[in-house]
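My structure is below; once you've seen it, I'll send some questions.
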């Protein structure tokens, strides 16, 4: 049972040290964001006219997003063209 | 030549055992399908109004099928929108 | 310093042998192209009516190009159809 | 006839042991939960399947020369697969909500109390005869409270490989159960008024902040906790690839094809640890119980921390978002949003809950590093 | 001058052996068949290329430290590559037609007679001086009749690795030749009237059937033939991922990027076994001859079984679909469809032929398991 | 307290060595160049990150059991990763412009003088105390002049692994600097009149030429320089898969997912060689200086060769396209186009410069083979 109580002490120390460390670590990160990142954001703002929709698509985390664009665009243009031609014929 | 005839016997046994086993195995599978799966199909039918076209596409075994949809949809909507705008200007 | 001068000799030989070899190698390749490939091209010309646009897309070296086509096409047709329907309703 | 005898002796029926049958049923249960109940299917489908395969008599999937043996030793024993998954998760993570509201990091920190309290609880279980968890075992079990699959698998493979199967089962099961475990605790610890609190809109975050953030996290980890750098480093590499904007094709591969391939192998490899001798014992029951405790304590401490913050902060903080601090991205954030909507149909907490949610991922990676440094040494 | 001498001694021209030249020509022939004749190009292009690379003097592609050496020992000797391919094939396979018409499983069973008859034939070849096939060799050769590339490579790598190159060449060549080999046999064994038979439309198959089916196949394999579980298990894992509907991203990766990557490596690795000493001998001629026999017998027994079924079945069975039982998915099913259309332009047999076609995949995996269990032990 | 002491001793702060700090700054510099300056980001992002990870105290990324250790020894020490990259590059390369105007191969040959002159220069540096380059070291350094990343990494891993980090840094940095290094040299060696030269339109190239070309290159390499067949062979395999038209799914995977996955690992693995003891020495300075010399000489000899060709050729040759012979595909071709447009706004040299550009890839692979054969033996 002595062994168990020693384990308890170790577990307790670990709990204490662990929580203190986690809070300290993430706390410093808060300071870093509030002090450094905010200043950086002021100093280097995002360019105002950015290709927004494009960017959003690229960020969607979607599988083929980035790679396809040109192919999609090509495919779409051709599809739309075909549709336009078909349509114009009908009219 | 004794060795060869022994091999022949072994090969013959193997042929016999193999074909019996294959037929038995796939035969049991027939029974399983006819008895168990058919009952399961009755008990848990597919929901009637399922997003059919969607599902079919997802099953087509095609490379990018699943992953892209959102990106494609986004790209298409924007392409169609652009086309619509261009068109409306022309008119 | 003797060692260094020996290294110099080796490096010089390497330089000479290397450049001669590179020129010889790529030179033979020129001959091969001018003699063999050109003849092959005459003998086996590309079929005239090839599905050009299709082929070009497939060659664009783009990520999803090949795999998607059917899915894209399906998605586009459905999108264009929807757009057409929506449009026709509006009219 | 000899051939028939050989054939019979080479059937599974002639060689089954009871434990193998039970473990196959466990594998089937995991498949059922994944497919019919949508329990973290991306990992549980290959894992349940791996559990079935590894328990097939004669086939030797997990013996030298077997497929699962290669997968386990090449990818999990080395830690490579969980680290690659973590890189992919990093490439899928958007730290925007966290950077916009950095004090939510405290919520992610508080929720880690689920880990350390469970560590204590696992040691306490040793008082019951039949349990003999070492400190390393207890640490590997406690990390279930981190609600983060790859972190749990990575730590368990280092500290207690023989418990890996049970720990992974518990971690992924409870992650899937987050929508059931969390709401009662959240409601019990908050009143209607608190759940109705609306939060200020988040400021926009610039690109440079998002690029510097993963590097800053890595630097801090290097300075203070190098033992966590494999996990945090690969996570930050993925996030940097996502945000830097110049390697989009690498980022896309990391969060799609690469993570998919590795997920299949990781699931199979973890499943291969679900053998009867390692799973069918009282310790597994203890692990399952401790896992539930860990999730509950983590949820509760996140909510309580949020209540505390709400008292001292100028801007109002809805305590519900504290529950998202356990990570289980993005499920826990969605749960917070849903419980919030019940109290106030115009209150969308999802973006606010994403802050503590991704903070929880960092928090449990840090906690894993502490356990590795202090126990794993 | 010494340098020039060294340079000359490091050219291929100064080091060629006759066998290497011949094997490079074999590699070029494979490339020609793949590119100009469309012979199973996905495997034959990397395989033909691998054959060229492995026979380059001095370069040492297949010696320790060489690229092909690593590929072969990491992926083929271990069985990992064929198993991953099989998982991808499983993810590409739709068992709907089979479940809708389960008695077509008997056609897939009958066609395996091509395997076992060839096994007998390979032993018979030993009567000719120069041939000394062991039972293991004969089994590995016979599996060519299964018309299933990954199965053949897997079995050959276990039972007769030194014949792997010739067996893979024969298997893929004959699979590509299915449209040429099968029709005459099909026409010889059926009359016009039989070829015109129209079959009843297949019933729709529900999702739950498709999900349970791979699991049932796996369970039966576990019960009766654990030796086949590597092949059948990975195949069923792929199929389960496809059908369960909750891991579509894993299924998509398994049947696209992962199978593509592995196919490149598998082809190179198999090609590395096409060295002069292992390929340029009378045994290769025997293997090529036996392979043709195996395909023919398999086709014939499938057709004859279908004729038998047509006699006893209430619903009519077109005997042509029996030929699809050899697998070679989906080529053999298309051949059945085409020959059927010649006799009756309104008779579309494709869907009906898919049943025996995928049954043939299961059948030859089972046959491979039997051979592993009885011979490989 | 003991625990606190342990905790402190397990921080990075307590264990940093000066060299590690400097190397981390080097890693950060590489990330900065990649992200902010767009210096070959696909490789420099993972490489800079790898440089940071490998220098973390205690973490042991590059020691036995560490992630980077596995990556380096599995993928770079064996040569597998650069060869797979090269296969992908082959699948991305269009030899059309080269086949249409084959004499541009001479430009690709001339530019390799940058390699061999630098080899001489590296030996000359030995006259300065502190430098002790062996012939193998000098060869590995000289290949920087090839302006081809995978070739440089492959050769360095075989001839001078301890210099791999510095060589890769130099190679990729100068490749990124091509738009800055080349134009002054190009302008200095040509006059306005020469830069204005318009070139005849290229003839169309048929499919069969494109299919036969990679096979012909491989055959020539087999005949004359088997030591170059790993590089040239994998390159030609990729190109054949691209052009043959029957394995498009393999080609697509080779140039997308596979190359992306391998690029991440290659970058990390190369970065792991950026340790203080191997990088922070005078030799690295020498390598950086020699690399700049190599690029400059290569550019100059390409331009001069083009001037020579223009004198003797019937069709006019714009000397600017000679600079593209160093490879650095497609950057160098774009630079040639841009400098040409400055002199003549209607003169589009891009397609004409692609010929020497891809010829430069072949040329440096051949040069690497020569160095392997004569020095590596």
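Note that the chains take the letters A, B, C, D, E and F in the order they are written out, and that residue 1 is the start of every chain.
The rule we apply is simple: contacts are C-beta pairs under 8 Å (C-beta built on N, C-alpha and C of every residue); 3 or more make two chains touch, one makes a residue touch a chain.
Since we're looking at a predicted model, the values are computed, not measured.
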{"item": "Chain E on chain F, rotation in degrees - Cα superposition, rounded to nearest 5", "value": "120"}
{"item": "Chain of greatest Cα-centre distance to chain B", "value": "F"}
{"item": "Length of the line joining the C-alpha centres of chain B and chain F, rounded to whole Å", "value": "44"}
{"item": "Rounded Å distance, chain A centre to chain B centre (Cα mean)", "value": "35"}
{"item": "Centroid distance [mean C-alpha coordinates] between chain F and chain D, Å", "value": "41"}
{"item": "Where chain B and chain E are represented by their mean Cα positions, the distance between them in whole Å", "value": "19"}
{"item": "Touching two or more other chains - residue numbers and ranges from chain B", "value": "14, 17, 21, 63-68, 72, 76, 80"}
{"item": "Residue list for chain F, restricted to those that touch at least two other chains", "value": "3, 7, 224-225, 249, 252, 256-257, 370, 374"}
{"item": "Chain A-touching residues of chain D, taken from the complex the two chains share", "value": "91-92, 94, 99, 102-103, 105-106, 108-110, 112-113, 115-117, 119-120, 122-124, 126-127, 135, 138-139, 205-209, 212-213, 216-217, 220, 224-225, 242, 248-249, 251-252, 255-257, 359, 362-363, 366-367, 370-371, 374-375"}
{"item": "Residue numbers on chain D that touch chain E, as the complex places them", "value": "3, 6-7, 10-13, 15, 24, 28, 31, 34-35, 38, 41-42, 45-46, 49, 52-53, 56-59, 61, 65-67, 70, 256-257, 260-261, 263-264, 268"}
{"item": "Chain E - residues contacting chain D, complex", "value": "78-80, 83, 87, 211, 215, 218, 222-227, 229-230, 233-234, 237, 240-241, 244-247, 249-250, 252-254, 257-258, 370, 373-374, 377"}
{"item": "Footprint of chain E on chain B - complex, ascending", "value": "4, 7-8, 10-12, 14-15, 17-19, 21-23, 25-30, 32-34, 36-38, 40-41, 44-46, 58-59, 61, 63-67"}
